[in-house]
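First chain A sits with chain B, and in the next complex the same chain sits with chain C.
What follows is the complex of A and B.
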């Protein structure tokens, strides 16, 4: 008889095998999904790869698409490692973009060296404000952060909707509302890297953020407390850690990272405030963080992978016949299988002799 | 005579660790057979295999001479095997009757309460168990709750009863009554497997099987052995039972508690007007059955629970209501009773746990970062000094045995505390060898001039360590006695709520 038995120590080889099998199974499931739509599977995969990494331009698109995903992924890592189940990344992305836009109005005219740090700080402050509300509700009234963050997501999304349509920030052409703000001035565009118009300087920030996250988590007293809080808050409370303050700090950090994603989208990609580019970045970040194993560098990898998928999907669609919903489907399949692999990695398969 | 139960060549492995190695065991009708051994010796694994919780890798179980397959507790019950767990599995909001018949119903949807009531009354009568079948379980004292568990097994026609540490939560008086009931059951031909740590209880059995590291060391007639021999067999070496306590004059007062009162979540009084003091070079023992306010008292003293009234003075300063952080900074060390929940982060390494609570201390930092080298060095020192059995300092604390985990906590608290140590059940569930070690460590701190508050459910602990013993019952201190002039029986009376009679 074959049985599963919990491992006392995880094995690196076995973990690698588990995730390799999961990746292959994901590929296979995607192929089946594609075949069912009547598409030429190999051609579609070829297009996907080409669109993701096939040219410098494709690579630039991959990086740009990965940037917000890595940041919201890191926001997830910071919170989930402490077992704070913040689902507020979505709203914080919106708050980040709105804060950034407000900053751009107030700081217009400053030299770039002051302007960009300034507007990003405005964006970050927006996300932190939303996150702080959830932390306050949890610490003061015991409101579960899952509930409060989801509710605040709606608030942030609809606040933007109002601001753009009928509110003060909407762009109106005569009587038509376009559900977006007017274009920012050229001076408010994040500078381009390597002459490419697409590749903005903001793509460097997720890597910097990941490095800081990894360092804080592994080496600082705060990281010690975040990890400890996730494992055993009761022991931390007994050993003098102020749980409420730590929760607030974690929520604020998580909110700041997610908000940065929104602000970078605004100044690096859309250059005007609009919702459609922001929608789903926060929720996708939860998937990215989970697939990244709630580690900072794992999240970078997962974010790059999803960025590549998104970039490849743009190219793939040119082929026609491929439903646009394929990419979120692949994301879902990958998450599901990776979660399975994560469980599998903790078990060993044993043969049991029954008398 | 056919055996009631026989186990042959039972072997059980867990993830490469052998928990039971070729165990042979037999149980005669009408016998109390004790399983005796340290934690991790394989007592629980053996009884869990007999009751069908685990499936043995090898070996055969016979009931009344017939080979049987016990694949689950349902099989075990079918073969007349019952088990009473250390932690009861009762629904407090149900009555005794409801608790027994719900989930033990064999067929049909209706509860057939009348039939059950008749059968249970008969059982109670024949074994001398006095319990109101219509009382709600939450109304019953802990000792009576255990009877309900026993009743449940008898109601299911158990002929073989496994009792896992049955007296862990009982007063000495309640334990005596339990053993009367056990005696009555044996007289009627039932067989009892008794799992216990306590020598006094072992000596009331007919036979005893000593386990060490998963193997049977010996099976002896109790009348032909002695406590000393049993301990030697259990540990594999001689253990000195009494730690020498040097006479020391108490120094100046360190901690003074006056009129301390605290209420629980529902406004019920959990600590009522508690007053005591502890001085340098002094150990104040806190006796009492679990759940009589000891935990709440320690929570208030270490700052995780806020008192509602009263004063706590630490070296003259009123510290009532201060945070755990503030108290730690004032030199208070705390050894909590639930070591894996309150004392350690099981996923953290030994090294990380040794600095838990002091992670921000400049001692363990270089700039903004934690000083990994200094922490590792410290951990290696502590592992050597406290003889913590672990490969190295990176082992997760959750992988340690209870005794080694406790040593990590003790090492951390002793390292950072100055002046006052609060120890709640520091020897609970530990092996004899480690208990002796912990006791000696506490006496060493007493010698260094610490004041120590020590709560223990083991009166032997308190009588060998404490300079004075305060007895708690339902959140109150019933009396503070001098162990040199008091007997265990007298303390037992106070533990059950009796007042100190005519003594001052």
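What follows is the complex of A and C.
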């Protein structure tokens, strides 16, 4: 008889096998999903790969699409490692874009060297404000952060909707309202890295952010407290750490990272404030962070993978008629399979001789 | 604003309060069963969304609303089986499992929806209509509020005492509450904790799926992205606010529904308030409500703690 038995220590090989099986199962599940709607599976996969890495332009799109995912993924890592189940990344992305847009109004005309750090700081401040609210609600009023962050997500979405439609920031003059702000001036576009390509300078920030996150996690007292809060909050309390202050600090860091994603989308991609580019970035970041094993560099890898998928999906849509929502569907499946693989990796298969 | 106090408007507000309560009652009574069994299911939103989508699909394909109701229930059972497998069998963290389910449901329903309407006008259906109960619906004031509702609304109202009876007056209910308070007591008697939690989650999710189905069939004629718009989370808040008791949850759901009914009527009456603010009211109210609820004496002791023998 074959039985599962809990492992006492993790095995690198077995963990790798578990996640490799999960990845293959994800591929198979995607094929089944595609077949369920009558799509040509091989053609779609071919288009996805070509659109993800098939040309320099595809690679650039992959990087641009990966940028917000890595940042919201890192936001997830910081919070979830401390077992703070904040899912406010979605609203913080919106707050980051709104804060950035406000900054662009106030700082217009400054030289680029001051303007861009300034507007990104405004964006980050927006996300931190929302994150601070959730931290306050948890520390002062004992409100579960999952629920408070979900509610704040909806409030952020409605706030942007009001600002663009009925509020002060909507584009006026046109006969149709597109629920978006006017275009930012050219000076507010993040500079391109290579000539006139769409590869904006913002794509470098997630890598910088990941390096800082990895360093902070491994080498600093804050990193120790983040991990400690996850493993054993009681021990941390006895050590004299102010838990409430740590929770606030973690949520602020997480909010700052997610907000940066929203601000970069605004200044690097859309160049105007609108909701449709921002929707789902925060929730996708949760998936990216968790599939990245809640480690900074794992999140970079997962973010690049899903960025490639999103870039491939753009190409796929041009070619065929497979819906755009294939991407979130694949993200959902992969997350679930990776969760199962995470459990599997903690067990060993043993043969039991039945007497 | 003063129009709000005309009799016809008051009747309309109260009647729509009952209608808005219907999906929330199904889903919250289902979630109550789940949470009393110790599983802190955060997948309500995804389960309702899947139920709503299944109902839309079957209603437009078959034209039968009752087949669509069955589809919503089956979709709920499927979602429940996934959640139960993750939480009761694999013992994944309950929050993570629920979150994962919501993301999975959001992606899948949207993909199938977009595939379904690809290249054509979106199919619609005509949903449930009011059933006038003879004589009773003619009573002034009370009649149009209470006795001229969708058939499923009466079932949802009946679900509250039914779930109360299940929880407090049946052997299953005793075991169920024990799962949430002290699962070890069942385990040492040789009764399977996993099997009972699995049953509780799939049963509760069937009701949650039904709630999503009614949201589709009783309010709308078509599916949209993010159709449930946070109602699953309102259900989670209602459970906490109702202190995990059927009566309390009923009152919390009624309060949320009244708020939403007031907001929609204010919008129709042309109140000088941005409609986004009116739409935000349930979420603001949720945060406000939870701020005042630090003490939660009714919370099952083992809620959200995966059961293991060690």
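We adopt the following convention: the second predicted complex is superposed on the first by the 350 of 355 C-alpha atoms of A that agree within 3 Å, B and C clash if a C-alpha of one lies under 4 Å from a C-alpha of the other, contacts with A are read in each partner's own complex, and residues count from 1 in each chain.
The definition used in the following text is that contacts are C-beta pairs under 8 Å (C-beta built on N, C-alpha and C of every residue); 3 or more make two chains touch, one makes a residue touch a chain.
None of these values were measured; they are calculated from a predicted model.
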- Query: Clash or fit: what happens to chain B and chain C when chain A is overlaid?
  - Reply: fit
- Could you tell me if A:242 is touching chain B, chain C, both of them or neither one (first, second, both, neither)? first
- Message: For A:42, using the defined touch cut-off, is the partner it touches chain B, chain C, both, or neither? Pick first, second, both or neither.
- Response: neither
- Query: Once both structures sit on top of one another, what is the angle chain B-chain A-chain C taken between CA centres, to the nearest 10 degrees?
  - Reply: 70
- Query: What is the contact status of A:220 with respect to chain B (first) and chain C (second): first, second, both, or neither?
  - Reply: first
- Please indicate which partner A:234 is in contact with in the superposed arrangement: first for chain B, second for chain C, both, or neither. first
- Task: Determine, under the contact definition given at the top, whether A:187 touches first (chain B), second (chain C), both, or neither.
- Result: neither
- Quick one: name whichever of chain B and chain C touches more residues of chain A. C
- Query: Is A:24 contacted by the first partner chain B, the second partner chain C, both or neither?
  - Reply: neither
- If you've got the overlay open, could you tell me the nearest Cα approach between chain B and chain C in whole angstrom? 5
- Message: With touch defined as at the start, can you tell me which chain B residues reach chain A in the complex?
- Response: 15-16, 55, 57-58, 60, 302, 304, 323-325, 328, 334, 336, 341-348, 352, 356-357, 359-360, 365, 368-370, 372, 399
- Touching residues (chain side chain C, partner chain A) in the complex: 42, 82, 86, 90-92, 95-97, 99-100, 103-108, 110-115, 118-119, 229-230, 233, 236-237, 240, 274-277, 279-280, 283-284, 286-287, 290-292, 294
- Any idea which chain A residues touch chain B in the complex? 5-8, 215, 219-221, 224-225, 227-228, 231-232, 234-242, 352-355
- Message: Help me check something: in the complex, which residues belonging to chain A touch chain C?
- Response: 33, 36-39, 85, 87, 137, 141-144, 146-148, 150-152, 154-155, 158-159, 161-162, 165-167, 283, 286-287, 290, 321-333, 335-336, 339-340, 342-343
